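Some structures to go through are shown next.
Consider the two complexes below, in which chain A is the common component and chain B and chain C are the respective partners.
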Partner chain A sequence: MTDVSIVMLWTDILLWILLVVFIFGIRSIRRSEQARKQWRKIFQSKIAMAAGLILSTYFALAMLDSVHFRFIEQTTSVDHSAVEPWSLQALQQDFAEFTGNLVHDELHGKTLSLLDLGMQHLILSTERTYSAPFALTEYSTSIVYNEEGVQQQYKLLKYAGQHLQDGDTISADVFLQTLYVFVFSLFTTLVFWLVHGYFRIKAFIFRRAGQKLEPLPWKTFYLTLFMLIFALSWLYHLSNFYHVLGTDKVGQDVLYQSIKAIRTGVMIGLLTTLVMLPLALFLGISAGYFKGLVDDVIQYLYTTLNSIPGVLLIAAAVLVMQSILNTHNDWFGSTEERADLRLLFLILILGITSWTGLCRLLRAETLKISQVEYVSAAKAFGLGGFSIIRRHIMPNLMHLVLIALVLDFSGLVLAEAVLSYVGVGVDPTTPSWGNMINQARLEMAREPMVWWSLLSAFGFMFILVLAANLFSDRVQWVLDPRAH
Partner chain B sequence: MSKLLQRNYEYPVLSLLNLSIQVGEQTLVDKVTFDIHKGEIFALVGESGSGKSLTSLAIMRLLPQALQITQGSIELQQQNLFDLTEAQMQGLRGKKVAMIFQEPMTSLNPVMTVGNQVAEVLRLHLGLKSKAAKQKVIELFNEVGIPEADQRINWYPHQLSGGQKQRVMIAMALACEPDLLIADEPTTALDVTIQAQVLQLLKKIRDRRQLSILFITHDMGVVNEMADTIAVMKQGKLVELAHKELFFANPRHSYTQKLLADAVPKMQDKQAGSGEPLLSLKDLKVHFPIKKGILQRTVGHVKAVDGVDLEIPKGQTLALVGESGSGKSTIGQAILNLVRSTGGEVEFFHSADDSVTMNKLSDRAMRPLRRKVQVIFQDPFSALNPRMTISEIIREGMNSLQVGPQTREGQNKRIEELLVKVGLLPEHMQRYPHEFSGGQRQRIGIARALAVEPELIICDEPTSALDVSVRAQVLNLLHELQIQYGISYLFITHDLSIVPTIAHRVAVMQEGKIVEQGEVEQVMRNPQNEYTQSLLASAPELVRKALKVA
Partner chain C sequence: MFAYIIRRLFYAIPILIGVNFITFALFFMVNTPEDMARAQLGAKQTTPEMIAAWKQERGYDKPLFFNTQANAENKVIDTLFVQESIKLFKFDFGQSDSGRQISADIYERMWPSLAIALPTFIIGLVTTIAIALLIVLFRGSPLDTATMILAVTIMSISGLFYIIAGQVLFSKIWHWVPISGYQPGLEGVKFLILPVFIGVFAGLGTGIRWYRSIFLEEMNKDYVRTARAKGLNDLSVLNGHVLRNGMLPILTGVVVVIPTLFMGSLIMESFFGIPGLGSYTIDAINAQDFSIVKAMVFIGSVLYIIGLVLTDISYTIFDPRVKLS
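And now, the complex of A and B:
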């Protein structure tokens, strides 16, 4: 008998709220013709299309990793025969049995996310210590006592390459598996293409006569989609048989860590902007519109905040936060919750220290817009300050906000890595690229060098940041009215 | 006559033959041919988008990359410019052909002294040493009429007035004794009195140096003042080319005739109106404090408006004329309560004996009066919120001030009516401002003001950003609306030529004070005040003749 309980972490809740906001944003874009045209124009660039797809894959993985469960084995056994078939109780029992089968016995009682459910084999296949990608033995020799006496030898890995028969080579096996994955990805892409084709034909038939739309680069879309599916399923499929990206010091799979780190990176990139945005918008617009004393106070505030070195301020805040957490053990039930709370605080601290740039930008733009004649016209119509801000100033600032958000995202993902490296980042138990890089500091000094941890963290982070930067370039080009 | 004959034996300084410029499939300049002779002022006239500036850029070979010269040739003293390399061309620009631009503010480098900027040209093209260059700069400054030249060479652009900046630009252009000077709307951004001075200067330099000038402008008055030969461009084509006397005496092309007719002020028959007062200003003062130091102490005041008395009767138009900085726009804003007045009264008359003092009211008490007084702005591009559709823009006032129908369908119907009334189409409702031309946007601005059924509209230079023909259309529209609804206008302008067309009365403003006011004909034909006289004397001859100024 197993019982499932959903675990609500703070950051999970915030991320899902963000998703709801995002969906509302898309709805409002769909409703406004001008916005729809602009977004269509953004995706008309091949690079933006590819980058957008990669970004959404990252976000999808982060979302999957943000639904947490706990499976608890119940010791009291229930008599099956006592329950009537097809009653509510029976259904509950069946469900419990079903969920019990979802999770490996060893993982009962642990907090798992939806993503973890699919990657249980990676959690369980923990080796003793370092092993290189696709290796069958450990990376360094160990002393073994056997019939032949004391020997130094590379010990075999417990989980890698167990399916290989005598005489099979790794390369031949990998080649075969790759071929299999290739056919699978081709087929999956084809299914996507067919479903999408059906909707496109339907849309084409019902389109108003004479309405001409600029074509989107679907070829690039499907090429990227295919490459993404291929890369992900290759990694996933082969991870069943090998440690594709090797293992770390305590034998944990590096691929698993890298993928789990996506959530941390995306969380910090997205949620920080969520914290920062209201502050920057409210203070920036107030300073620019009301001027005078309000402006002076806000300007002094951000000038002061800006003149303290960022890392110093964050380090100080994190240290304070740590000591607070240590004295309030009742705030969290488990280590996961503690780590999550720490992540949340880090996000808050980053948000509170990074609003100044955008605020300054918004203040300057508001100053400019509030002098423009359509604002005077609105005043001549007797509109109040709040209505003028809402109807005339905010809409004309939105492109700035959007550009700043997309640009900040990549900066924040990188900031997480830097802060963890300095030692004031996320909890050491939280999988994050920054933690991986921090560990790699020692690994790089070993002889022979352990390179795969750093490389994996670098690769995953690089793709995310590059995609975000390329996408933001395009967003900036399309949305900035001065760019044309 | 002897001058003309003499010219025929010389080769032209500049000769364009069948010049065509295209972008993609679209032809922007279509087979333009003309010659400019030594010592000739050649005016190229046309409205915005007619291709006149492109032609001048082609002569400098400074066309943007996307544009292509598809045929034709440009010869400068029998040297085909298209045969030269870019390096040779660089040597030519500034030395043989010089250019002055419309906006003296942005054409000078703000972080270099003006003397250095001129000296740089001398050093570059003539290889003068710093001392000789300095001497030459002082000579040039004296020639273009900058007083205390040996002091002012060390000044920065922001320390000079607009007219002086334009003089510096001219000095820079003259520095290397070019054969041809291209002047691209050199006086459009200047006040009338300064415009007259700059035009005088250019003529004097032409006489002294036998310089050829390609004068690009849209202002027929200026053309009449300056040009020897005139070419009119319309949509990339040269439609008329004639000597000045012939051109003004007998314009042949219908477009030229229309341009000339629009440029000349007309005394229009105007409805008298009831003559009852609608708005009166009594001793209105608007002073802006000058604050200095860390504590922002007020150390003095800028007296933008300093004791102004005006009266606007019902159904009539009062034109407020003055140069930039005279405080005329501030009066408009003070009436609208957009700036707080320091003293005096703005009185609005509901009827002859029921009046409110507007500038003493709080924002809340002002609201019912907002629908009575509306405003139209100068720049049609910044007057409309780019993120709102036309229907939203017009609807805003109706919702905010509770005027007209309050249901959505009723409002839509009213917006359609308003659009038709100002000469637009009902289907324009759902479009955004960027889809319209300047004239159309100005019409939308008028529709927005009309939506709340105002009794007074403050027109703050509503036509100064528009082409001549569009200007005439907008003025006509305003005139018709006045006849139809009996609206009063306060028409703020610096352009004397439109005053007789639109106004019943005129007030002349200088440094925050009204120096003269009265009936249009009386003030225009027989000005009493010295300043009014100098303003009218500075107006181009074409305007003066039509006004029959004594």
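And now, the complex of A and C:
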């Protein structure tokens, strides 16, 4: 019998709130003709289409990693024969049995995310120490005592290449598996294409006559989709047989760590903007619209905050936060909750220190807009300040907000690594690229070098940041009239 | 001119007071002297008497903002806030947890920081402007596209990667330069080459994109078209018109940075073992030495504000349209 309980972490809740906001955003885009055109224009660029798809994949993985469960084994066993078939109780029992089969026995009682459920073999396949990607043995020799005396030996790994027969080479095996994955990805992409094709044909038939739409670069979309499916399923499939990206100092699989780190990176990139947006919007618009004393106070506020060097202010705030957390052990139940609380505080601190730039932009734009005739007309008609802001000013600021959102994202993902290095980043137990780099850096002096941990972290981070940068360029180009 | 500078400096005072308040709020209100004492003395065997003694030794036993026990103006003056502020404004940062004078340490460590930051800044500025001008000259060509792709790629890689890759390639594999260390004087140049090179390279991506957009904007203006119509060639247009007018927006971003060069770079210095202010701060953060972090926050803000004033002054020099009044 296994019981499932959903574990709600603070950052999980915030990320799901963000998803709801996002869905509302899409709805409002669909409703407005203008916004729909603009977004279509954004995705007309091949680069933006590919970058958008990659970004969505990262976000999807982060969302999957943000639903947490805990599976608890119950010792009391229920007599099956006593329960009537098809009763509620029986169904409950079946469900419990089903969930029990979902998780490996060793992982009972641990907090797992949906993503973890699919990657249990990676959690369990922990080796003793370092091993290179696709290696069958450990990275360094260890002393073995056997009948031939004391020997220096490369010990065999426990969870790599177990399926290989004598005489099989790794490269031949990997080649075969790659072919298999290739066919699988091709087939999956084809299924996507067919399903999507049905809707496209339907939309084509029922389109408004005379309506001309610029075509979207679907070829690029499918090429990227195929490559993404291929890369992910290749990593996933081979991870069943090898440590595709090697293992780290305590023998944990590097691929697992890199994928788990996606959540932290995306979280910091997205949630910081969620924290900063209301502050920047409220203060920026108030300063620009009400002018006078309000403007002076807000300007003073952001000039002061801006003049403190960013990293130092963050470092100071995080240090203070750490010492508060140390004195308030009652705020969290487990180490996971503590790490989560620390991530939440880090996001809050980053948000509070980074609203100044956007606020200044919004203030300047509001000043400009409130001089325009239609705002004067609205005032003359007797509209209140709040409705003018909501109906006439806010919609004209949205492009600035969007641009700031996508521009800040990549910077924040990169900042996470640096902050972790400085020692004011996420908790050392939280999987993050910064922590991976930080740990691997200590092994630089080792001869020969342990490079896979570093390179995996940088690689995963690079793809995300590059996609975000390319996408934000396009968004800026389309939405910002000054960019031309 | 002199009166103008004095007036600008006066504008800076309320900002400094604000910064001082923020640091005070962080280090004394959110994190009370009680907490500090407990963290310092170790959690277990501390008695209230020990905490009181620790606080008295540092003068932390005063009330925060208002002293009811003092008389007249001392009600406000004899408080933690005012006393700490006075100390900060006199640049008297007290002792670090290891018992050294922070002000002396900072003065000593400023020069190694500058030895790295200044060359990085100057070489970086010159290279990025040169490259940006070059690709503006060849705008729309494959060279332009290639450089822009390269710029986005450089920008998307974490700065930590450049440092680690640089150390491995140039020091570990090729043995061109020592991996880390510092030495004052000309002897020490060999230690500076790699960090300066990496610093310049890592900044190329953002720099080139920014300068390119500034120059392109100038390029499309009417006076440039006039200059071309008069028969000036590309190079003289770039040099005589675009570069000189583009300098104004560049100044805004660049002059602010100059004073903060003294602060050094946190990451560069700790990777390359340079005994500057950056590594000083990192060590303080790792040792949770609040006095040093507080001092660095304050100095950083002062330098930034000096940078703002310098920016204003530089405008009056480079832009004839800006008058002093």
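Just so we're on the same page, the second predicted complex is superposed on the first by the 482 of 484 C-alpha atoms of A that agree within 3 Å, B and C clash if a C-alpha of one lies under 4 Å from a C-alpha of the other, contacts with A are read in each partner's own complex, and residues count from 1 in each chain.
We adopt the following convention: a residue touches a chain if its C-beta (ideal position, glycine included) is under 8 Å from a C-beta of that chain, and two chains touch if they have at least 3 such contacts.
This one's a predicted model, so the numbers in the text were calculated from it and none came from an experiment.
**Student:** If you count the residues of chain A that each partner touches, which comes out higher, chain B or chain C?
**Tutor:** C
**Student:** Touching A:Pro395 in the superposition: chain B (first), chain C (second), both, neither?
**Tutor:** Touch partner of A:Pro395: chain B, not chain C.
**Student:** Using the superposition on chain A described above, determine whether A:Ser307 touches chain B (first), chain C (second), both, or neither.
**Tutor:** second
**Student:** Would you sort A:Val4 into first (chain B), second (chain C), both or neither based on which partner it touches?
**Tutor:** neither
**Student:** Check whether A:Met449 is in contact with chain B, with chain C, with both or with neither, and answer first, second, both or neither.
**Tutor:** A:Met449: touches chain C, not chain B.
**Student:** Once the structures are superposed on A, label A:Tyr374 by its partner contacts, choosing first (chain B), second (chain C), both or neither.
**Tutor:** In the superposed model, A:Tyr374 contacts chain B only, not chain C.
**Student:** Would you sort A:Ile437 into first (chain B), second (chain C), both or neither based on which partner it touches?
**Tutor:** second
**Student:** What is the contact status of A:Ile29 with respect to chain B (first) and chain C (second): first, second, both, or neither?
**Tutor:** So A:Ile29 meets neither chain B nor chain C here.
**Student:** Which parts of chain A are in contact with chain B and also with chain C?
**Tutor:** In chain A, no position sits in both the chain B and chain C interfaces.
**Student:** Would you mind writing out the residues of chain B in touch with chain A in their complex?
**Tutor:** It is residues 333, 336, 338, 363, 366-367, 370, 373-375, 377-379, 382-388, 396-397, 400-401, 432, 445, 448, 452 of chain B that touch chain A.
**Student:** Looking at the complex, which residues from chain A come into contact with chain C?
**Tutor:** 300-301, 303-305, 307-309, 311-313, 315-317, 319-320, 322-324, 326-327, 410, 414, 417-418, 421-424, 437, 441, 444, 449, 454, 458, 461-462, 465-466, 469-470, 473
**Student:** For a test of understanding, state which residues of chain C touch chain A in their complex under the given definition.
**Tutor:** 14-15, 18-19, 22-23, 26-27, 30-31, 35-36, 38-39, 152-153, 155-161, 164, 167-168, 172, 260, 263, 266-267, 281-282, 285-286, 288, 290, 293-294, 296-297, 300-301, 304-305, 308
**Student:** Which chain A residues qualify as touching chain B in the complex?
**Tutor:** That would be residues 34, 372-374, 376-384, 387, 391-392, 395-396, 481 of chain A.
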